[in-house]
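As written, the chain order gives the labels A, B, C and D, with residue 1 at the start of each chain.
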């Protein structure tokens, strides 16, 4: 019981620290790729401290509630994700619950941005949701392939089954959905070439237009959480999780660096191009993977 | 205390309301509310009882029975709850209209007839109550004239076709089994051939499918829902189309019986698989058609079809989990869809009948309670955790995945995402964004509207956090069908393939919210600003032109719109035109000249005589 | 080549002096009531690109000179035969004390902002112009600021220099 | 990071945060903006100073006014400045915002920017090189350390004079006053006369 409480306290803290670290790391690596010196790796922390000491404007109750809800939802998802051996709440709901709790992030931002009453916000949110529909289609096929391959909707079971045999990215039928997941991971992270949600040059940072001060700080933290979550999900489903948190975090960082390398060299797609891409190649590959899993039942 | 008194009270009260309305309106309203509350109390008194009583002896030498068991109790309580709350909503909604006595009479009559349907223990009284429901619903759909009349005609034509199907089924069952009592029929059909049972199921499925708006029999629903007065749209979408699913449950698991039904056909061509496939189609296509709608009630109407798809998938898959999910989703859909229709009704009541999603906006600043209700309903229909929609959808997904139907599960998930998109559009275009000048002085909804919306919201949240309360009844229902019982606790379901514990999720979310809120409060206090102080690249914001609503998902529309026409409806319309042309052709032989008729008669007699002389049949 | 157009113009419009200062320029000085007709003529001839509408303030002659600069879109060499690669400059004078002129929006749609700007900066009123509202300026000037008799330094002294400097007292507080 | 810097962080994190994370609102006026793209990109990397351009004033706390300010632009500048969260720092870039520069006798260009919004620092020159921006940033750091970069406090304290000046140039503004302009009106009259 005490162990359970310790886990509940620890795992969001790990997610927070790693997420913030990932943000700083991405800025540093991007700078290096651009032949710049780049900011110190603690720059996101400095930004968050500054933002918490600024005044801010509120557009109403829902404006506050939405951002709180989105960050809280992301924190709760961490409790359901196994980080190494830490999975405090995964007993009370499996992968489906995670999939649904991941709704809270975009939904909360969408609600509070909706009250901000700015067309840029609305355009950003409509892009967010359309892009989410775009990558959910392959993602659902991938998750269904994994779930019906391991005959379980509990992510802990899936991780355990991988550690008994080997990573599902390296096992035959599941390698196909794994590749599809790698293809849609930039879209899930909202990085380039899918950085069309907050495109500062066209819609002036989209849903974040009216966020300033502590609102922007909470939004930044939420972004850190969500990028950690979407990579940790990949690591759990395809890279076999890990037996202790250290290795797990190593895997997360490695996958994130790969994504940053993609992010640094690509331009931004238009939304139709993004949807067309997501519904063509990743969806086809994921569909093929589901068929293969359906054929080669264990 | 017995159940025929219940029906007598329900029907007599409906008539009495009409005549009380002639005396005074206050009296009529009070009596209508009292009557429906009394019905709720009456039904909840019957909880857990199992009664079967003769209603009327000697109807064509047949004995009509009333029967109350867990299934009919469950449906009856749903019907009476939604009916009561929408009547309370109507108190202020319908006040300014004309023909209000008639309106209340019809509302109460619809509710009473639905109670009759779920309480009837034999097919003939079932059919009688079914017809009463259909016709009174027709009168209510065409309540406000004009396009509503056309929608009502469409509805009544389709539902007459459906009830003809039901009638054929009843007659054939009566001729084969010689009885109309459901229990006796079930006992006799065990010996019947599977082809005959498939025939029975098809005849009934036409009627029930039309009533529950299952693709491809759905085309009456969008017009009817969007044209009916909003409280009745709530009843229509909340419970009236659920009568179709009640009929499905009845014919599948009570009359035909579980083992027989699931044994029909084999592999991909088994009957329940085909129905499940239809359910999957129903869950996806209408949801994405709803994404393209601009009329709020039409959007909700298309979503009713989509959610019916989930219910059909649940109840036809035929495992204990999926049946529980289907029935639970049926209850939830009754709750949140009625709530959503009521919120639209409140908005159009205050804004003078505006339902166009492109012209509203910013109403959260004027109607906060209505917005909260709409938010709860939308979260419910999306299936966000802590609402009841999540639990039922979770059950359906889980049973679909564990039964190795990943493609049905995929359809269900994608339908959910379409729901999320269109309901964010619904909320954003009506309540969020900039408040237009012409709605600056909209007041909040009157008390009676707020009351029923709040009750619905509380029910949704409560059954979402403690799903064990309804699931206990549902578990009893599906064990009465002969499925294995589930391990239900107050906070969710325990099963070896994955449990769900809503209370843990609830406390985790609340705890996280509190922590984040404390962090939020730690920062300096935010200054409240109006909608005019907004980022417009350094300029003052333009009046009334700073809201992004039209074509909200424009890139997506451009991609999917060509594939999402309602082909079925077009086909039906063409068919109707063709039949009309045929009728015109046939009419030509009636020339009105007596001589022609004499010739027809003589020719007919000659043919008869010829046949008799040739084959001597008689 | 130019001379052909010159000849056509001279034949079409009597006693308008037309001269060719450089190789690719054609300057037409007309009186103000023939501007519309000559612009119509040129547009029919294919010079359908109104590059600019400008204005000059000849304060000594007490006249404004409204200048229309036209040219032709030439895709390929073959079109050089009927139309020439020149800028046609149509000049007309209007009296300075009654600065009124007709708009050419019916002929050239894109002259709308140019005329609006001239109306704002020179105070010339174009009859038939749909909206002669301010385009660039936020303040209203008694004399339109591009006229020669508008003394900008005087104006700056009067307006911008009279605005008081806000001395720093926050540091003492 | 060395020791006394760490002590500073522990002592007053807010001030250090404002120092090392200066988000400049991407507001382009005049010709000076041409110097900003090279200074934020790979040639002179502004991000190592914590200076990055952001799209909206809500997220910014540094306001670079890069070039001459016409009357129409002044309106947008005031609006943007009032939408920025406090504390906010303004830097006039180039000689035109200082005293009009080469537009000193223009009929439509305001000469002294600090009559309309408070300015914490100036970068003289026409054009200043991008290095000058970094000199200004480091100078702004020292000002923030000494709590001398308090233009936003001055704006709050003397808002009615600023508002009076703005309305003297722009006429009546579309938006309501940010702070209260009630107070000793005779002083207001005396100041503005």
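The criterion applied here is as follows: a residue touches a chain if its C-beta (ideal position, glycine included) is under 8 Å from a C-beta of that chain, and two chains touch if they have at least 3 such contacts.
Since this is a predicted model, take the numbers as computed values, not measurements.
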| item | value |
| --- | --- |
| Comparison of C-D and B-D (more C-beta pairs in contact) | C-D |
| Nearest-to-centre chain - CA centroid comparison | A |
| CA centroid of chain B to CA centroid of chain D, Å | 60 |
| Chain C-chain D separation of Cα centroids, rounded to whole Å | 39 |
| Mean-CA-position distance for chain B and chain A (Å) | 36 |
| Geometric centre distance via CA averages, chain C-chain B, whole Å | 69 |
| Sites on chain A at which at least two other chains make contact | 52-57, 204, 209-210, 213 |
| Residues of chain C engaged with two or more neighbouring chains | none |
| Residues within chain D bordering two or more other chains | 56, 58, 75, 83 |
| Pairs of chains, among all present, that meet the touch criterion | A-B, A-D, B-D, C-D |
| Residues on chain D engaged by chain B in the complex (per definition of touch) | 27, 56-58, 75-77, 79-80, 83, 174-175 |
| Complex contacts: residues of chain A adjacent to chain D | 27, 31, 34-40, 43, 46-47, 49-57, 200-201, 204-205, 208-213, 216 |
| Sites on chain D touched by chain C in the complex | 71-72, 75, 104-108, 110-112, 114-115, 118, 148, 150, 153-154, 157-158, 161-162, 165, 168-171, 191-192 |
| Residues of chain C defined as touching chain D within the complex | 136-139, 141, 145, 150, 152-153, 155-156, 159-161, 163-166, 168-171, 173 |
| In the complex with chain A, residue positions of chain D that touch it | 13-14, 16-18, 20-21, 23, 26, 41-42, 45, 47-48, 50, 54-56, 58-59, 61, 83-87 |
